[in-house]
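Both complexes shown next keep subunit A, but they swap its partner, so subunit B is in the first and subunit C is in the second.
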Partner chain A sequence: MIISHIVTPLYNYFNLHAEEVISSNYLNDDNQGIYISSLQFETINRLFNYIKESDFKSQNNIVLDFNHIEHLQPNILKKVIEIRELNFKLTFLNISLNIIESLSLENIVNSKNLKNVNDGFDIFHFFTDSTSDLYDVEIKNYKIFEDEFKKVLKDKNYVVEYDKPHSSSFVYLRSFIDLKKFISNERPFIYYALYRLAIKIKSKWEIQLKDKPILVGQSLTSTFIVSVLSKLLKLDILVFDKIGPITKLYNKLEKHNFENRKYIVVSDLVCLGTEVKITKSLIEFSGGKYLGSVSLVKVETLTREDLKKESIHRTISVFSITDKNNQDLKYFIYTNLKPLDE
Partner chain B sequence: MVSILKNNENFTPYVFYTTFLKEVAEDINKEGYVIFKFVENGDDKVFDSSYRIEPISIPLILSLSEQLSKYFKEPIDILLYKNNATKQVLNFLYKSDFFWVAGNNKMPLYPLGRNILKFDESFFGDFLKKDPRPEHRVRCYSINDDNLKSKLEVFGSEDEKRDFLISEYVYTVRQHFQELLFDNSNTSKKTDYYVELLSELITNGVLHSKSNTFALMFVNNFSTKFSISDNGIGFEESLKSKSSNLLYTPFELKRKIDELSILKVNPKIINNLHVIFEILYYSALKDRRGLFDLMISVVLESKGYFRLHSDNAQIIVSNRMNKQLLELSNLRDDLYKIHEDILINSIKDNRYDNQMIKLKNQIMDCFIGLYNIVCNKYNNDYRYSSIRFYNVKFKGVHIEVEIPNA
Partner chain C sequence: MSSIILHISDLHVSLDKKIGGEINNHDSYLSTSENEEPSILYIDKFISSVKREYHSSKIYLLITGDITNAGEVKEFKYAKIFIDRIIDSLGINLENILLIPGDHDLNRRAIENQLERNETSSLEEINISKYKNFAKFYYELLKKEFNPNKIIFNHIILEDSIILLGLNSCTKIDLIQKLGNIPILQFEQELQEITDFKSHKTIACVHHNFTSSHENKNDGQWDSENRKSFLEKLLSNGIEFVFTGNEHTNGCKSLFLGQITTSDSGCLSSKSWDSTYKIYKILKSDDIVFKNTIYSLQKPYGNDSSYEWDIRTNKIFSQPDEFVVFKKNPPIMKEDILEIPSSNHDDIKTVEEENSIIHTVNIYYSEDYSDELYEKVKKLNLFHSGHFHWSETSRAHNWIDVSKLIEDKKNLNFVKNAIIDVIENKDLGNKIDLIIGLGYEGNIISTKAAIKYNKPYAFLPYSYRHDEHHPFENELNFDNSTGNFKNVLIITDVVNDGRTIRKLINKRDKQKTFFKDVDKIYVVSLFYTGDSVLNNDILNYDFIKNIPSYDIENDEEVNNIEFYTVKSLKVEKCPYGKDFRETCLIVKDKLGCVNLFYDESKYLK
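Here is the complex of A and B:
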C-alpha cells in the first residue's frame, strides 16, 4: 500500500516519510508513530515495486519528498537508482543537510540545484539535463496535497447539494461535504491526509505533546480519525458519543478523570465550530484543559486576520474551505436575514 | 560436570573464552558428554559464596549451549540452585529471559524457547522484588521466525536480501533496545545509527548461521555494551564463496600476511586471525557499507571498543590503533566516493580503474602495516595486546561493542 502517490500533470509525487510511517507502524511493530526519522530499505523497496507495476510510465518525472527524513539506511541508494533505471527522472524535495552525503548528491552536477539557508536543498534534480519541465515550476508538498484534496472532493462529488435549504446551528447550508463517504472510499489517500494532520499537530503543539494530551473524538467519523491519529502521535483517546448540532450527547462522563489533563478535540469537519465549543465546555467544566481543535476539513468563515493563528479557536486542518475555493466547490452558508441596503 | 559461575569471580566474556571453554572441552573429552552446574558451590557454602555474571556473556553461553545441543542432538542439562548465594543472579537471568530463550517455551506471550538447555523449572518463582530494566533482555533472532525465510525469497541478489533483513531488524531492534540508547550521551545523539549497526550485525549473524543469533545490550553508568553471537559458518567459509573482481581476489591479503610469520603461535590458530584481517580488508573495498565501516565508526567516532572473535582468535579494535584506522578510513572514503559516482552516474567505462587499484593497494599496505604493529606488540607483551588467541575453538562470529558514556 502506497498512501502518498499523487499524480499531477507534470510528475508523480511520493512522500517518503509518510510511507516510512506506514512501514514501521503498520507493516512492522515498531510503534514510533510519526516520530520516526530514518528511511529504511523496506519502504524504498515497496515504492520500487509499486512504481514498477504501475501504469504511469508515459509520465517520466517522479518527485520524492524527503521531508522529515534525517537518516537513511546505508546502501539504499542502489534501490533509488533502480527506480531511476525504470526510465524516470527523479527530483527530490526537502533534503536536509544530514542526508546529502547518504544520497551522494555531490556527484550530480546541475546548476539548477541551489542550497537553502540551512545548507539543505528545497528541491534537488537528480539528473543533469539542461532542460526539464520541472525547472520552472514551483513544487511545494502542501500545495500538491491541497490541490489533490480539492480535486478528489470535486471530481468524485463528495460535496453534495441539499434539495432544500438545510438548517444547522441556525444557519442554512447549500450543500454538505460527505466526509464519511470520502473516508470510506478514498483509501489509501485518507491515510496520507491523516498523516499530514498528525504532522501539523506535532508542529503546532510540539512542547505540549510531551505531556501526552488526550485526543477527543465526538462522532463516528471523528472516532476513526482519532484512532489513526492516536497511533501516529502515540496519544490516548477519549470518545464522546455523540455531540453535534443535531444529535445529543448520550454517553456518561463520570468514569473518566479530567483533572489537570490536556485535550485536543478532533472532528472530521469544523464549520461554525459548534460541536468543538460544546466539547470544549464539557472538558473545561469537568476540570480538563482544552488545547485546541483539529479536523480534516474546516470552513474559514472569517478572514485569517480576524481569527489569528494564535487564537485557541482556530482549528488546525489539512484542508480549508475559504473564499478562494467555496464557489468552485459549491459550498455556501447563509442566513434568512436580508442584506442591508447601505 | 562444568560449573558456569565460580565463587567470587565475575563471569565475563574473557572468562568465558579463557577458562570456561577449556573446562567444557576437557569435560567432553573425559566424559563424552557435558552437564552444566549453574554455580560452583551448588547448595554448599551458601553464605560464603557470591556469584556474578557480566550480562554481555549471556549471548555467548547461549551460543555455546546451542552448538553443544546440536552436537549431542539434545538439550544440555543445567543443574540449578536456589539459595542465598544464587538468588540475585538467578533473578537476573530469569528476568532477562535467559531461561525462556534457552528452554522449550511455546507460549506466545514469552520469547520462543530454542530448546538448547534442560533445567528444572521448579526453581523459578518467588523471586526478588527487584526487576532489571525491561530492555535488559537477551534476544534471539532467527531466519525461521516471522516468516522471514519466505519474505527473503522474492529478492534475487544477496545484497538485497541483506538490505531487506537489515530494515526488518531495524524495526525490531528499535523496539527492543532503543530506550537503552537514550541513556548514554554518546549513543543518544545517534540512535538511528546504532539501531542500524545492531541490525547489520544481527543480519550478518542470521544470514551466515542460517539459524539463531543471540544479542543483548546492557547499559550502566559507564558504558553501553552489546554482544552478538552466532554459530554460523564463520568468516573463512563465507569468504570462499566470494568471486574475484577488479578490486578483490579472495584471500589476497591473507596470503601476504601468511608469509610474514611474525607470530610464534600455532599456524592453525594464526589462520583465524588472518581470516579476520581478510574479512575487514574485503569489507573495506566493497561498494557498500559494512563491517569495516561499523568498526571504524565505533572506534573513531564514538571512541569505543570493537571486539571481534571467530574460532580461536580475537581482535580488539580500539583507539590505540587510531593512526592506522584514520588512514584506512580516509582511503576507504575516497574509494567509496568513486563507487558512488559510478553508481549514480551509471559509469560503464574504465576511467576509474587505475585510481581504484591504486587505492586498493594503499588499503592493503595499510592493513599489512597495521598487522605488523599489532603482532609486534603481541610479541613484546601479549597481555596488553590487541589480539588474543584461545586454545579452544568456538565456532561462529562473536562481536562485542562497548561505547563509553561521555
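Here is the complex of A and C:
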C-alpha cells in the first residue's frame, strides 16, 4: 500500500516520510509514530515495486518528498536510481543537509538546484536537462495535498446538499460534508491526510506534546481519527460519547481524572465550533486544560486576520473551506437576517 | 473393582526454548521449562479429575502418541517426569500401559543426520535413528525395549478377554512422507505372532487418524492407498474398533456401515484448542461394552483456578454413550454412514461429518493476548457491578469498561494488536473483503487492522442508537449489488448474545440489501460476555434459538456468522423483565451504580 501518491498534470508525487510511517507503524510494529526520521530500505523498495507495477509510465516525472527524513538506510540511493531507470525523471523535495551525501546529489549539475538557508534543498532536480516543464511550476507539498483534497471533495460529491437547509446551530447550513463516507471511500488517501494532520499537530504543539496531552474524540467519525492519531503521535485518548446532534453525554466524566492534564479536541469537521466549545467547557469544568482543537476539515467563517494564528479558538486542519473555495464547493452558511448591502 | 481404559493423546511436551535459546511459542500446557510448576499443576489437575470418580478403579493407560512435540531428549526427559507422576498417582501397573509413538515423537534432525552420514540409508536404519530418543524414554519409563521397525511393537491384555494392539503407523515416515501407513504384509505376519489373538477381542491402537472429524477429508492423516488395504485387513481379521490420536479432536466415527468404529481422545494439553481425554469404563457380561466418557478442559480463568476438567455431554458432541465392542448379536449403530473409500472428497460430507463439523470446537486463545487482556481487566478494575442498560431489553448487572481500557495508548495498541492476532490466527486476512468497526470502541480498535490489511473500511453505531446519530453516520457507504463483498469482518469490543449483530445484518433495509449476497460474516470481539460455551457458531440464530428462555421473537435469522473473541468473560444479565424499574432493586432503590448507555426518555414516553 502506498498512501501518498498524488497525480498532478505534470508529475506523480510521493511523500517518503508518510510511507515510512506506514511501514514502521502498520506493516511492522516498532511504534515510533511520526517521530521516525530514518528512511528504511523496505519502504523505498515498496515504492519501487508500486511504481514498477503502476500504469502511469506515460507521465515521466516523479516527485519524491523527503520532508522529515534525516537519515537514509544503506542501498536507498541504489533503489532510487532503479526508479529512475524505469525511465522517470526524478525531482526531490525538502532535502536536508544530512542526506545530501547519501543521495550523492553533488554529482548532479543543474543550475536550477539552489541551496536554501539551511544548506539543504527545497527542490532538487535529479537530472541535468536544460529544459523541463517542472522548472516553471511551484511544487509545494501542502499545495499538492490541498488541491487533491479539494478535487476529491468536489469530483466525488462529498459536499451533499440538505433537502432543506439545516438549522440546528441557529444558522442555516445548505449542505454538509460527508467525511464519514470520505474516510470509507478514499482509502488510502485518507491515511495520508491523517498523517499530515499528525505532522501539523506536532509542528503546532512541539513543546506541549512533551507533556503528553490527551486526544479527545466526541463523535463516531472523530473516534476513527483519534485512534489513528494516537498511534502516530503516541498519545493517550479520551472518548466523549457523545456530543453530537443530540448533545447527550453517556460516559461519566468523573471516571477520568482531568486535573492538570492537557487536552486536544479532535473532530472530523469544525464548522461553527459549537461542539468544540462544549467539549472545551466540559474539559475546563472538570479541571483539565484545553490546548486547542484539530480536525480534518474546518470552515473558516472569519478571516485569518480576525481569528489570529495564536488564538486558542483557531482549529488546526488539513483542509479549510474559505471564501476562496466555498462557492466552487457549493458550501454555504447564512442566516435569516438581511445581508449588509440590502 | 471396576476397570477403565484411560485414553490420552497428543501431550506435545514442548521445549520452552528452541535450540539456540530463542523462546519457543508452543501450544502445550506441558513444557520443559525449568520452572516445572505450571506443567506439574496441569498434570495434577488431570490426575485429580481422574481420581475423582476412579480412585479405586483398575486403570489401563492408553497413550496414542505425540508425547513430545519434536522428539528431543529434553522433551522426553520432562515427559517421563509427567507420565511417571500420572502412573504413580493413579497406581497404574506398568504392564497395563500401552504407549504408542506419534509422528512428533520421532526426531527429524536425526533423520537428516542419518542421511548426511549415509545418503542411501535403509528405512530400517532411518527408523533406528529417528526413534533413538523415544526408545530410550520408552525403556526408562516402561522397562521394555521398543523395536522401531516392528508394526505391532507391543500389546496388552485387558480383563483376560480384550487385546489392545499397539501399532506403529510411523515406520514409513521420513523427511518427505508424513502420513500414517501400516505395511500390510508385515502387519499380517506380526498379527499371527500374537498368541491370544484368536481367542480375544482385539482393538487396534494407532497414532494416526484414518478418518477426520476436524478436517473435511475422508482419509484423515493416512496414506490414501494404504488406508484402503489397512481397513480391509482390519475387517478381515475381525478388528472392528480402533483407538486413535493425532487429530486433536475427540472424534468418534463409524466406517463401513458401522463395522469399524474409531475413537480419538483428543489432545490432552492444548492451550488454544479443545483439550480433552476419554475414559472407557469396561462393562463386561456376555457382551463387552465400553462406557464412553469425555472429559474436557473448561477455562474459567478464575483468580484461584484458570482451568478445570469436567465431563462433556456426549449427545451434543455426537458421541455414543457406549461402545459395544463385542455382542452376541451384531451391534446396531444409531447413525450409520456409508464409507466412501477414495482419496479426495473435500466437497463430500457424510451426515456424521456434517454433525462433527458443527460440533467441532474452534475458538481463539493466546496466552499473550487472552490472558494478558484479562490481567488488564483485573489491574485496571474494569469489571463493574451494578445495573447497566444498553437498551430497554439489553440489561446486565456487570459491565466491562472498555473505554477506560483503551484510553491509555499502550493498552489501545495492545487491543489493536489483539484483534490483528485473531485475524492472523484464524487466517482471515486474505478472506475478508470489508471490515466494519461497530460502535465507538469497535471503531477505535479496528483502525490498525483496516490499515494493515488495506481493506475497505466502514464504521457504524450500534443499531439501537441509530436515532441518536446524524443520518450520514448511520450509512454503511458500500454497495454490494454486484456481490463483490462476499466475506465481511465485523470488529467490536463486546459481544453478548449477538442479537445486535444479527439485527445489524438483517433488520435495516439498506444493510439487509448489502448483506443479502454476503457468504460469511466474521465477528471478532475483545470480549464475549454471554452464557454459551465458547465456539465459533454461537452467534448464529440456529444455535441461539435452542437456548432455553431466550427471547427469540425479537431476533433475526442469520446463520452465516463465524465468531472469535479474545477473551470470554461472562456478565450476569439482569434477570428481571420489562418491569425491571419496579422489580430490580438495584434500579428501584439505587442499591448500586446504575448506568445508562442509551436515551431511556424515548422509551419512557
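Heads up, the rule we're going with is that the second predicted complex is superposed on the first by the 336 of 342 C-alpha atoms of A that agree within 3 Å, B and C clash if a C-alpha of one lies under 4 Å from a C-alpha of the other, contacts with A are read in each partner's own complex, and residues count from 1 in each chain.
Here is the rule we go by: contacts are C-beta pairs under 8 Å (C-beta built on N, C-alpha and C of every residue); 3 or more make two chains touch, one makes a residue touch a chain.
What you see is a predicted model, and the numbers here were worked out from it, not measured in a lab.
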Clash-or-fit label for the pair subunit B, subunit C on subunit A: clash
Which of subunit B and subunit C A:223 touches, first, second, both or neither: second
Touched partner set for A:104, first subunit B, second subunit C, both or neither: first
Contacts of A:32 with subunit B and subunit C, given as first, second, both or neither: first
Partner, of subunit C and subunit B, that touches more residues belonging to subunit A: C
Partner chain(s) touched by A:1 [first = subunit B, second = subunit C, both, neither]: second
First, second, both or neither for A:70, with subunit B first and subunit C second: first
Which of subunit B and subunit C A:41 touches, first, second, both or neither: first
Subunit B versus subunit C as contact partner of A:120, first or second or both or neither: neither
Segment of subunit B that clashes with subunit C, given the candidates 42-50, 78-86, 96-104 or 294-302: 96-104
Touching both subunit B and subunit C, residues of subunit A: 29, 31
Subunit C residues within the subunit A interface of the complex: 401, 403-404, 406-409, 412-413, 416-417, 437, 440-441, 443-448, 451-452, 454, 456-459, 461, 468-470, 472-473, 475, 477-478, 595-599
Interface residues, subunit A side, partner subunit C - complex: 1, 22, 26-27, 29, 31, 160, 176, 178, 180-181, 183-185, 187-188, 191, 214, 217, 219-221, 223-224, 226-228, 230-231, 234-239, 241-242, 244-246, 248, 250-252, 255-256
Residues of subunit A defined as touching subunit B within the complex: 23-24, 28-32, 37-38, 40-43, 45, 70-71, 73-79, 81, 104, 107-108
Interfacial residue positions of subunit B with respect to subunit A in the complex: 159-160, 163-164, 166-168, 170-172, 174-175, 192-193, 195-196, 200, 288-289, 293, 337, 340-341, 343-346
